[in-house]
Structure formats: structure tokens, C-alpha cells
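Both complexes shown next keep chain A, but they swap its partner, so chain B is in the first and chain C is in the second.
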Partner chain A sequence: MPNEQLTSRERRRERLDRGIKVRTEGLYALSSWKEMFYLLAPRIVLILGLLVAPFLLDMYWQRVLCAAGIYALLALSFDFLAAYVGLVCLGGSFFIGSGAYISGLLNAKMGWAPFLTIPIATVVGAIVSTLVLLPCLRLRGIYFAITSFMFPLLTVNVIIALNIFGGTEGISALATYPNPWVDQYLILSVVIVSLFTLRRLVNEDMGLILRSIKDNDQAVKASGISILSYKIKAVFIASLIGCFGGAYLSHLYGWVGISQFSLDFSILPIAATVMGGMGTLVGPVIGALILTPLSEALRGFGQLRVVLYCLILIGFIVYKPEGLMNYLQRKYHQFEHWEDV
Partner chain B sequence: MAVETLLQVKEITKSFGGVQAILRVNLELERGDILGIIGPNGSGKTTMVNLITGFVKPDSGEVLFKGKTITGKPPHKIADLGVTRTFQVMRPYYSLPAFKNLIVPLNSPRIRRTAGGKLGDKDGVAIDILEEIGFERDAYVPYKIASSLPLGYLKRLELARCLALKPEVIICDEIFSGLSMSEISTMIPVIERLQMDGITIIMIEHRLRELFRLVNRIIVLNFGQKLAEGKPEEVMAKPEVKEAYLGTGAGYVGS
Partner chain C sequence: MLEVKDLMVFYENAIAINNINLTCRQGGVTGIFGANSAGKSTLMYTISGIILDVKKKEEMKGGERITVLGRISFEGVDITHMKPSERAKKGIVLCPERRRIFPESSTLENLKIGGYLATKAQAKETMDYVFTIFPQLKNLKKREGGFLSGGEQQMLAIGRALMAQPKLLLLDEPLLGLSPLMEAMLARAIHEINLQTKITILISEQYARPILPIVHYGYVLENGGAVLEGTSRELMENPDVKSAYFGL
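Up next is the complex of A and B:
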């Protein structure tokens, strides 16, 4: 109706933005319970949501949740390196592969229990990954991305060619977790702990130095700081997270094989990061928790799933380049209402 | 009076492909000196800074700091010894508040060593350094995000980043360029104060009038070679310097 259209034109949308102060300074929250709740609510929703999820899912989707947790860890480590250190690392599957093979070998050859093999594989895997990436750390941008992409492919070929570590067959009959609850709560608690630890870290002095290296490494050098040593520390932290995912995975399936070096582990975390919002850390985790079940639901399409990833990526790059989390964060701090003019 | 030679550059040479950037340049600096390096565009001034601070490795020649060679050392090692620089194209950490920019040098091994492992209130130290260099604390300038600061403050932030390292030598690469006259006139006392604090300074500059207020000795570079050295008035009176600066045939425009 023309009349209604006219009235709707005379209204305008008023947007109130809470001050930058609210967003950046936690101190503000102490002024009232309401403010404190306002800041804590999103965090509580995320943590409780993750902890309650296993009760709401059936056996099949519980398994998917575990896989989503692994992808979330990889996305977290990808985002940390890319957005805070400036290293775009496509070697996510190398982290998974090295963590998985080390814990698999320790379990199969030495007979050690998962509660021993997982921590050892996490640390040793991270050391191996860091050493492997060490020569590439001088490279920047796309060059680092390409070389880091090469390592998982290279390792697979070495395993096949030399027929070591079980060759193409892999190593099977590894110890698994006692029950599905351990499966899920182990990975979920690690996701939550690493998420909040990293968020803390990037705002500490070490995080500031890492961000400065990303912003401009020449000035960091001129400040008398060796950027290589800080990059090594950052890669070690990121690969710790990734290698835990691998070690966990080997005992989840009771099997390790060359598919743990597959491209999925390198590509999906990137899609999750783009979708969730680069540099938010929590965004990639949410992205992984959305994308993994989605790709599982589309299993019927087989290899066409990759096409779907690409479409989602393109869709986000075109329509929401800032990513889900940056968008939601902004909206959360804005109040909109219609006002008559 | 015995004066300590702090920095010495011997016969340093660097070429990029076919371009001879620096050819057999010598330079000597005593503690507390303030030296100006001038020259037309492309004469090798910034290359000179890069060679001294280790960002570019020389083809031949040597840089000595306190009598020990520092040629071939990586930039962060040279900065660790106390030779630091500003960048001609400013390089602040744009995403951080101004005072957080100083957290990086305040975490450096050099500062850790002098503080004996205890660094204390780094934010406070950072804000003190910024205030000293002209960031008005009352107006909350040190707390502003670096990308929102005007050019004058960014240039000062560059200098503050060097100062936070408690350096012995600061090399300022065109620190006046792009600044307004009023910004420069507030900058000059800052540099004078640094010199009084005993910091040795090399200034690379195009703004000669302002430079000559500060320095007592200049070096003129042209096509990578040292053309002249000495007191500003004497050097600028030399015909070859005038020629390099103003070209042949043109009259001296200005005063």
C-alpha cells in the first residue's frame, strides 16, 4: 500500500554503539552485575554449549563432534599463526600426521597407554614440526604458505616409498578411549583451554611482540629482538595444539595411516577461519564446529563436498569478508531500533 | 682530552646489481657527536644507514663499534649493542596503542640485561618515555592507536622506540621529512636534549636549514661517494657541493 510505504520511509533506523571502552576494557565490567553479565554472556554460552553438546547428540553425531573438535584445534592454530604472527601455515595436516604417528608408534611398539602417548606425542610432534618448519621461517607470506604445504605431501611419499610405519596400510589396533564420554570431553576441554590460553597470550607482551612482527618485522629487528626466536616459539605453540589433535585422533579411531596427512586437515581449517573471522580465535573454532557437521551431512555428495567448501568460502569472501565472529561481535555491541522522524 | 671513537666506518662499498650505491666511504664518530649526512636523492644516504645497522651487508669494508667489527652481524645483534635507527618510511605497529609500541624494545634482551631480569611496570616506563618526547599525557595521546596518530607523532614514536632501547647511537633517517615547520620546531629541542644526554646521533636530512641548527659537522654524499666533510658553512660553500645539490648553471634560489 502506498500509504504504508510512505510512513515507513519517514522512520529511520537509529543505531547506538557502545563505547570502545566497553569493548576493550574489562575493568568497566566491574561497575555493575549487568555489565559483567553483558561481557561474560557470550563466553558462558560458548563454554556451556560445548559442554552440554554431548548430551544432545546420538552416537553418530557424537563422533562428528570429536572430529569437529580436532578441526577446531587446527583452525585455532592456523588463525594464531596467520593473524598474529603473519605466517600462513598450510601444514595443518603435518601437525596431525606427526602427532598421530608418534602416539601410534609408541602405543603399538612400546605398548604405552594413551594417557602417556598423547602428551609425549604432543610435545615431540611439536618439536619435530618446529624443526621441519625452521628453515622456512625466513620466508614470508605466500612463500611460507607454499613450503609448509609441501611437507605433508612429502612425508606421505616417504612413508609409501620406504614402506616404513606400516606403509600404505598404516598401524591398526591401537588402544582406544574407555568410553565415548572420555572421547568427547577430552577434546572439548582441550579446545576450550587452548582457546582461552591463546586469547590471553596474544594480549600479553609475547603476543604484542608477535603482532609487531606481523605488522612490521624490520622495526622489531631494529629494537634488538631476534624475530626468528619469536617465530620459533609461535610455531611451537601452534604445532603443540595441532599435534595434540593428531595424537588424540590416533586413539579415537585406534588407527593411524597416511590419510592423516590428507589435505582436508590443511584446507578445512582455512575455510573455518575465513568463515569464522580471521584474528578472532573464537571465530575459527565456531567455523569448524559449523563446517565439519555440514560436510558430514553432505557426505552423500562424495567428492563434490569440496565444491561446497569453495562455495561457502567464496560466499563469505564476497558477502561477509570480515567473517561471522567479527560481524556478530559488532552487532552484539550495537543496539538498533526504529525511530519516527 | 682523549675522546673515544665510538663508531667507525672504513672504506665501505656496496653495489646493487650495476648500481654503485656506496663506494669506499669513510666515517668516524666520537661519543656525543652529532653528524649530519646530506646529499641529493639516490646518493646513498639510506643505504649508508642500512649498512651501519646491518640491514644490508656490505660488499667490502668494515664497520667498527667501540673498536670491534660489527660488519656482517644481523640487525638485532647490532641493535642489541646499542646502535639503533629510525626508518625513513615510518614503521610503527599500527594496530597497537602508541605506548604499547614501546613494549617491544622494552622486552629486548638489551633492556632485560640492564634491568637485571626485573622489568617492572613496562607500560609506565613506556608512557614516561613518550611524555618526555612530547606525547601529552594529559590529552591521552600515548593511549591512542598508532594508526590514528598524525605524522608528527608517528615520527616521534619512531624516535621513542629507539630511546626505549637505551641506545648509544641513534641514526635518524630523514626524521624531519613531511613535517610542518611547527612540528619541526618542537622536534629540534627533543634532539638537542638527546645529545645532551650523551647519545651519539647521525642525522640524515634533506631539510638543511633545520639540520644546520643541530649539527656541527656534515658529510655530503653524491653518487655513493663522499664529496665533502666538515663544518656546514664551509662545506656548503664548496663549488662541487653546490653543483651536486643544485645542478650546474642554475643560480642559488633562496637566501
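Up next is the complex of A and C:
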């Protein structure tokens, strides 16, 4: 190498994939236990962690875990729409509200049991949400975000003004779950199942089309694919997840009210997504599982709670905009070393 | 005037610029020729300092790690770690690839934005000068930048760069995607700018034919390294350059 003296001083940080990562890409992963473990370990830690959590918590924190599960579902649907379809949907509380009201009404007026109302509310709520968002699907970016943000506000005011569905009082005395274990394992299993289903989905052909819609929708149109129908499908899937959260919520508290359209359900999932890492799907879930208990734990600080909460978020946005999960993934798959140039 | 020494740039583990040494003589036109992926644009970004900005952004989002090694000095001052805005104040002005004019501002506004660093008198004088070398722009003063044709946009981009009162003008692929007629016209204009204003010009181009005659000294890049250098005449007579860039 020319210029020996000068170059020997200069070094750069090199980032390399771990050998085991390279080996475990594709079918070869099945060739040894060690490599299978390398691939499965993070997933097993997540699943087991979620399943064991209820045993380690007391009554109060078990409730918090249920709420965290709902936020995780919302964050998951937000991340799916924002990072894979390019629809930044600020109307997470509309999903929750429509799911909650439908299952609440079915339970209160028709007397149906939760195991019937929840699936019906999930599907019907998702259809309603998709129909409501349908006219805005041609919008992109900030315009879609604004219009989707308006729907929860609109619905709340319609409910108050017309005094329907119990008006400001809401509907109370709904059926609840037989015991706390059903509470927790229902939501946790749905979180796990929807997480892994979405992950599979975005790596299939459909996910490929959705991602290309985000990148360049004109190119997708030029390939003879109707982007509107794919957007509808994507919104339907995302609102299925959200509406399940709402239907579950109504039976968790035995009560449905306008606070289910509140801003919290729209904003916290976004914060969780930013914290966990956009586009990783598992990141938002972890973000929600951290942020919800955190905001509970900070309750003692009173009004300062919001300040601390904001500081944490600002810190993440400024210093780690890639999010927790992207960072951890990189550390898991790659190592760094100094190399002479 | 500009001296680049042992410059190396890495995008993560891929090497984009490999040990390049380059000098720009005061008042001369220096050419950098090479195919796609030879490292022309990276070199331009590195000299203008934009790469430091890109590097920071990539670091923030945890993307590719960009490493810049080596030394760049301008008029005897080491500017390797200087911010791009500071470099522009010192007189290194980049006219970026694919023009990057402000599409929603009119021609006149684009030029005024370029003249942010100039005094009022300088700005007025330069603007008159821009309209004399590019008379076509005169009729398009009110037209929005996005509605100009490719050639007009390129003239505007060069004009905007001139407004910043450069001492060293970096032109990154100024002839990209233009018709042969327009290419010849722009090459002539660049030559005139160099002759009349004595601004030092560093120009990178894939297609050497229209540019080579106006260049005083040239470098040929290949896969990040400078494989060949010489005066315009030496390069034109080199058999490799002839076959690669002139198709003879």
C-alpha cells in the first residue's frame, strides 16, 4: 500500500455481519441447533416474556398490562399503515371507539355474550372504519393524517349532539370476563398472533405491493395494479386489529363511553412506534409495553408526569430516531471493529 | 488553490473514493471523468462538504456509516472538517447533480436565493452577468423553476451557483440529460464564465466529448480511484480515453 506512514495512523470503524447471521439466512438455518437457536432466541424471549408476565404482576399491574396490550395493538396497526403503506393514520381512537361501541351495543341491547360480540364488533367495526376512511384513501401524507384525525372528534360530537348510544353517559353494566386470567391471555395472545401474522404478511407478495405503494404509487399503477383496492385491504387489516382492541376494552371495563374516542388512543401508539422503531412491527409492541406502564408509574408525579413523558419522547426523537428495535437488531446481527485503512 | 490529498470515502464497507489526490489550479478548469459509480458525485459532495451533512443524517437514523479520510485544503487552509455552509462562505459553491433548483420559486427568486451570501451590489452585477451569458433566462424571469425545460433549469442552476460569488465552482454533471445542441451551448457558456470571471471551475462529467476541449487538466476515475490524469491534450490522445469516452 502506498504512503505507509500516513495510512497506518488512519482507522475506521468497520461493521460486519456476524458469521452466524450470514449462515442462517435461508434454509441453511435448519442445519444446526445453534443456528436455530440464534434465529429463534429473540422470538422465544418475546413470546415467553409476554406469557409469563401475568404471573409476576399484582392485580393493579395486571390491569396495566391489559391496557398496554390494547396500546400495543394500536401501535401495531399504526406502524403497519405508516411504514408499509404510507398512510399515516392519526385516527387510532376511531378504531377503538367503533369496536367498543358496537360490542357494547350488542351486549347491552341484544344481551349477547362477549365471545360473540367481540368477533362481530371486530369485523363490523373494521368494515365501518374502512368505509369511513374510504373517501380519504386517495389522499397522501399529511392530508390523510389530518382527515383521519378528524373522524374521532366528529363521532364524539355526533354522539353528544344526537344523544344516541347513551350520550355523554355511555353504556354501562356490560358483561365482563369471567376472571383476570382470561382478560390477560386473551389480549396477549391476540397481540402475539397479530404481530407474527403481520410480519408474515408484509414479507409476502401483498406486503411487497404495499411497500411499493408507499415508495412510488405511480409506478405501481403503471404495473397494472389497483392501488386503491390494496389500500382498502391494508386499512381493513389495520382496523381489524384496532377494533378488536376496542371491543376487548369495552368488556374489560364493562363500560363504553365517549372517552374511548379520546386522543390518548391516537397519540400514545405513535409515541410507542417512534420509541420502538418505525417499520419493525415488533418495535411498536415493545414501545407500547414500555410506555404504558411508564406513564402509570409516573402517575405519582401528578402534572409533571406529562413533562417527563415528553422529555423521554423528545430524547428518543433527537438522539435515537431509528428507535429501540432497529438499534437492538443491529447490535444482535452485526459487530464492529477498528480497521486500519 | 484546492488540494485534495489521500482522500478516501467509505459508505459502510464499500469504498467509494480510493486514495485520490487532486489539485485545482487557480483560474483553471479541471475535469473529472468517469462512468456511473466511479465516484464523481461522492467526490463533489466531499469537496463541497455536503457529505458531512449526509453522514450526520445517516448516523441519526442508524443507517450507513460514512467515513471520510484524508485532507482537503482550500487556499492553504485545511477545510476537511468544515461545515458545508462555512465552505460556501469561503467560496466553494456546488451546482448539484440533477440541478435541484427550487421548483416552486420563479427564476428570479431562484437567483436571489443563490445571492444570499453576496452584497447587494455584487448580487445585482452577477444577476446582470447571468442574463448576459444565458439570455434565454431573460424571458423566463417570472416562470416557476419547475416549469422550465431541462436545459433552462441547468442554466438557472449554474446562474444560481454564480450568484453565491464562488471562487471555486463545482459543477456536478452539468450536461446530464441534455440534447447535443444544449450540451455544446452550455460547454461554451462554462468556458466563457471561466475566461471572463476567472472563477476556478471543477467539473465532473460522464460524457467527455463536449467538456474535454474546455478543460485544462483532467482526471479519469474508475471504481473510486484516479486511473489517469493529464492535460486536455494528453487525455484526448490517450488510446484508452479515446476508446472509452469517444468511442473511437
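Going forward, the second predicted complex is superposed on the first by the 301 of 341 C-alpha atoms of A that agree within 3 Å, B and C clash if a C-alpha of one lies under 4 Å from a C-alpha of the other, contacts with A are read in each partner's own complex, and residues count from 1 in each chain.
In this section, contacts are C-beta pairs under 8 Å (C-beta built on N, C-alpha and C of every residue); 3 or more make two chains touch, one makes a residue touch a chain.
Small disclaimer: the values here were computed from a predicted structure and weren't measured.
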Chain B versus chain C as contact partner of A:P178, first or second or both or neither: neither
First, second, both or neither for A:G302, with chain B first and chain C second: neither
Chain B versus chain C as contact partner of A:R12, first or second or both or neither: second
Touched partner set for A:E322, first chain B, second chain C, both or neither: second
Contacts of A:N216 with chain B and chain C, given as first, second, both or neither: first
Which superposed partner A:R330 touches (first chain B, second chain C, both, neither): second
Which of chain B and chain C A:G111 touches, first, second, both or neither: neither
Partner chain in contact with A:G224 - chain B first, chain C second, else both or neither: first
Overlap of chain C and chain B interfaces on chain A (superposed complexes): none
Chain B to chain A touching residues, read off their complex: 53, 55, 74-76, 79-80, 84-85, 87, 91-96, 100-101, 103-105, 107-110, 122, 161-162, 164-165
Residue numbers on chain A that touch chain C, as the complex places them: 2-3, 6-7, 10, 12-16, 320-322, 326-327, 330, 341
Chain B-touching residues of chain A, taken from the complex the two chains share: 205, 208-209, 211-212, 215-216, 218-227
Touching residues on chain C, where the partner in the complex is chain A: 6, 8, 10, 12-13, 19, 60-63, 65, 67, 69
